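Next come two complexes, and both contain chain A; in the first it sits with chain B, in the second with chain C.
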Partner chain A sequence: MVNGLNLAFQFLDSFAFVVLAAAGLAIIFGIMGVINLAHGEFILVGAYATTVSATSLGLPLPLAMAAGVLVTALFGVVVERVIISGFVPNWIGQRTVGRDLVEPLYDRLADSMVATFGLSLIMVQGARIRFGNSIDQIATPFGNVAYGEFSYSTYRLVLAGVSVALLVVVYYVFTRTDFGTRVRATMADEQTARALGVDTDRTYMLTFGIGSGLAGLTGALFAPVLSMQPTLGSQFLVEAFVAVVVGGPSVVLGTALSGGVLGAVNATVTNLTDSTTFGRIALLLTAILALRFLPDGITGFVERVRTRREEGE
Partner chain B sequence: MSESDTADDSLQPNVRQTPAGKATGERTDTLLQTEDLVKQFGGFTATDSVDFGVDEGELRCLIGPNGAGKSTLLNLIVGTLQPTSGRIYYDGQDLTGLEPNERVQRGISMKFQVPSVYGELSVRENARLPIQQFADGEERRRRVDAAIADAGLSGYEEVQASALSHGQQQQLEIGMAASLEPDLLLLDEPVAGLSVDERDEIAARIRRLNREEGIAFVVIEHDTDFVAEIADKVTVLHQGEVFREGSIEAIEADPEVRRIYLGGEQ
Partner chain C sequence: MSRDGISRRKFVTAGGAALVSGLAGCSGGEASDGATTDTMSSADTVKIGVLEDQSGNFALVGDPKHKASMLAIQEINNDGGIDGKEIEPVTRDPQSDNQRYQELTREFINEEEVDALWAGYSSATREAIRPIINRNEQLYFYTTQYEGGVCDETTFAMGPTARQQLGTVLPYLVEEYGPEIYTIAADYNFGQLSADWVKVLANENDAEVLDEEFIPLSESSFGSVINNIQDADPDFVMSMLVGANHTSFYEQKASAGLDIPIGTSTAMAQGYEHERLDAPAMANIYAGVNYMQEVPTTSNTEDGGFVDRYFEKYPDAPYLNEEAETNYFSTYMYKEAVEQAGTLEQPEVVEALESGISLGTERAPEAPEGEEVTLDGATHHVDHHMWVLRADEEHNVEAVENRKVPEQFLSETVGCDLREESEQTQYTPVDYYEEAE
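The block that comes next holds the complex of A and B.
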């Protein structure tokens, strides 16, 4: 019974971590075709903004977290305008040399990786220069729940709840709202969307802002449980990329399913071996197996099965 | 520019004139006018100094061999391509450089050559996409329902667009473009791959939208029977230039047009 509870807690913990780590990355990659290697550093922005708001400005934790999300979303919009869409350099180019200077990075996977990798280096070093090698941490709220001889952080349970709520909200936004319809249309065929009156430029900007805001939310939520150092983002990157690879093309369903699968793998292996290192190794092995046998991820597989069934009818 | 001698007064070799108007002879208001429009792709010139005009409420067809620059010209007009040089005037305003969504707001919309309904979205979501840009609440619902009914797709509202037949997808796409209430609707091969019945339905729909709602059309089509059925006037593009303009009868009778395009069909 106790082992079962332990496994369940570890599953919830891993699920929350994977989903929260991957959501922003999956949205930006799935919709814009941009691989954001600075995703971990966007999480860093959220974590630092939250921590600084709480410790230096004295904001209550929920407000500090909201500030963390907002700061990261705005930072993402600036990055999108300057680096991803090239709007700012092109605006300057049109007014100086009379032509655009750069092409947008949408659907240019390798180019977007190089650009955002450079950005991540700048951000890590920038944080080190500005804040030093570490900053004071916020205390973890809510205390613990005890069962038998074990106890578990209540806050970790809250994170699991938030990750489920996040998936529901993201699903609602992308499937039930005007913005979601615009996003899905832009993703499927940008040219037609523009000719039907959709401001695809604005759609991309907002999508990147939302993806960045979600990274900021991850940073804000994990700020009380991580040590605050400039490299904290790298802890999320492996899980985030593995989740996107395993999840496949469907952003929300892919993130949910890969969160479930990877959470189960991680929790089971960690529980059996009593070692988080083996848990992470199991995650990477799962990614390798997924790439070998499900190159389009779980949702690509689900889509293929559905298509085959429809053709058979 | 192409030059050609002809004795037929209804043909104008690449000379912009106000169309006489098929039935009434009253149309004089220019809606769209391109000026020396050039589009180059690397070393290839897709459109070469094109002066192309369309009047309000006119139904124009654009024909020519493959590679003549027809789709390029429509893409330049709607703004999905930007010209290498030249200007595009619409309703007296210079549109050159504007984004497609900004041109939609001025009254131009387009159905592309490749069927472009959104297969993953339902018929209702497809129909809602253009309308949601400018209508809310009850007004939106009414217009979405009207667009679906107009496309002959009542009862298919929740069906994924990918499950529709090719003809139904074309109808839906025309409905989506028309629901923006444009003054000028550009259609790139709207009846390609359709049956005769489906073709007739779309011809009737274009004529109705033109006559009842006053929408001007520029339609690219290879099917000369379809062109003859709907066109007020025909423009022939050849090697990126306006080669001839005139009535379908005059175009079909022109030996140079037959040589470069219509061939043995006549």
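The block that comes next holds the complex of A and C.
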């Protein structure tokens, strides 16, 4: 009984970590097709903005977290305008030499990877120069739940709840609203979407901003539980990419499913072997197997099964 | 296009000139030509190479080491240098990257021709550059606390060993709380060997290790580790966690309500978690170390003492850590040795160091950690003054025990004597103790 609870809590913990790690990337990489290697550093922006708002400005934690999300979203918009879409350099180019200076990085997978890798290096070192090798950390709220000889941090359970709510909201926004339809239309076929009157440029910018804001939210939520150092983003990167790729083409649903599968594997193996090492090995092994046998990810597989059944009928 | 090329070349020339004059300024030569400065400096100055991480993973712990070396060098220079020769520090940022360490070590030995080298935080770094050190018979000071056992003819391991650190804190905790221990350690050579030492020391102190868990350096979620500790229900935990990700353990165990006493050789003294984390994350944690900023010796805390001098030179520095003190006093030990040898020739200086340099005499300032710190010539290790320091609910640090602890493993168990026999080996406890297997 008690060990069952341990397993359940560890699963929720693992699930929340994978889902939150992947949330922003699901949109920027999954929907927009930009391999954002600076994803971890977007999380860093959220974590630092939250922590600094709480410690230096004295904001209460929820407000500090909101500030963290907002700062990261704005930062994302700036990155999109300057680096990804090249809007700013091209605007300057048009005014000075009368031509565009750069090509947008959309649909250029390898190029976006190099550009964002550079951005990530600049951001880590920039944070180090500006804030030093670490900043003071805020305490984790809410205390703990005790059961028998065991106890678990309540805040970690709250994170699991938040991650589920987040998935629901994102799913709703991207499938049930006009904005969501415009986003998907733009990503599917920019030319046609533009011909039908969608301001694709603006859609790109907003979508990137939302993706960044979600990464910022992850940073904000993890700010009280992680060590605040410039390299803190790197621990999210692997899980984030694995979750999005294993999830497959239906991004939000995919992230939820892969978060569930990977979280379950990680928690179960960690619990059985009493070793976080084996838990992590199992998680990555599952990802390898999933991609070997389900090259389109979990949702791609589901989609294929469904079409086959429909054809059978 | 051609205009572009010229301006770029101009830029490079100008930059190069600025660089050369910058270097010349450092070495104190008036010549504007880099080459002549170089030949001048090798005769008139002592060249000390300092490679400590100022960026990358280990910057948090490496930066104070760099600063403390610079402080010692400045003090010695202000006081007339080594045997009247000014020290010329040569430094570069290895960026916590072992490959860069190897390149820079080669460069420092072959091109800069440093008289002595201080380099590296992690054991992995030390082992990455030790072959280069050995090939060139370079005098090398490794100034981090480490797992112990390096018996090497030109390497001086000045930090305390795992046996010295754990051997100070573990018996204290057995006495205070009871004999059942749970070990958590970082999953690489340092953590594995430290965990072996916990087993050896548990055996020597009639205690028992209930279980041990090794955690990858990339792990930052400790839910299952905390549950495992609660399940085993030990009297205390020994923690040899390392690095930024592992720091999260302390906040997470506090928020999970795990309030067990924890002994450690790594937390607080290196990464000053008690200042960075909100109380009470580090409450009831006992560090077994040779030095922390809070060590209550006169030479450390008095007006104008070590702490004062450090923060006068670096007002914005966050903390003065364990390894910084080792960098500091080892620079003074080198000065002693060169003056005793009367030459910068490295074999002679090594011989002088092997004669057993001791700080706390009239000629040198005391080592901040205690009244007397002695270099053991046979093993190239230091007999440290060790402390048990405890953080309370408000993260105030108080010293609960202190004594002088000699290096034991190499001198008593292995029998390493570098004055008699040249070696380049690292010994591990597994080969000497059954319980470490």
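Keep in mind that, in the parts below, the second predicted complex is superposed on the first by the 313 of 313 C-alpha atoms of A that agree within 3 Å, B and C clash if a C-alpha of one lies under 4 Å from a C-alpha of the other, contacts with A are read in each partner's own complex, and residues count from 1 in each chain.
Just so we're on the same page, contacts are C-beta pairs under 8 Å (C-beta built on N, C-alpha and C of every residue); 3 or more make two chains touch, one makes a residue touch a chain.
Just so we're clear, the structure is a prediction, and the values are computed from it rather than from any experiment.
Model built by superposing both complexes on chain A: chain B and chain C fit together without a clash. Of the two partner chains, chain B is the only one touched by A:201; chain C is not.
By the touch criterion defined above, A:182 lies against chain B but remains apart from chain C after alignment on the C-alpha atoms of chain A.
Taking the C-alpha centre of chain A as the apex, the lines running to the C-alpha centres of chain B and chain C meet at 140 degrees, rounded to a multiple of 10. Once the two complexes are overlaid on the shared chain, A:133 sits against chain C while remaining clear of chain B. Look at A:90: by the touch rule set out above, it reaches neither chain B nor chain C. Residue by residue along chain A, chain B and chain C are tallied for touches, and C comes out ahead. In the superposition on chain A, A:229 makes contact with chain C only, while chain B stays out of contact range.
In the superposition on chain A, A:268 makes contact with neither chain B nor chain C. After superposing the two complexes on chain A, the shortest C-alpha to C-alpha distance between chain B and chain C comes to 24 Å. Across the superposed pair, chain B and chain C touch chain A at no common residue.
Residue ranges on chain B touching chain A, taken from their complex, read 78-80, 99-101, 104-105, 109-110, 112, 116, 118-121, 125, 128-130, 132-134, 176-177, 180. Across the interface of their complex, chain B is touched by residues 178, 181-182, 184-185, 188-189, 191-201 of chain A. The residues of chain A lying in touch with chain C in their complex are 6, 9-10, 13-14, 17, 125, 128, 132-140, 142-144, 146, 149-156, 224-229, 231-232, 235, 267, 270-271, 274-277, 279-280. Across the complex, chain A is touched by residues 55-57, 59-60, 63, 187, 211, 213-216, 218-221, 223-228, 230-231, 233, 244-248, 251-252, 254-258, 271, 275-279, 281, 318 of chain C.
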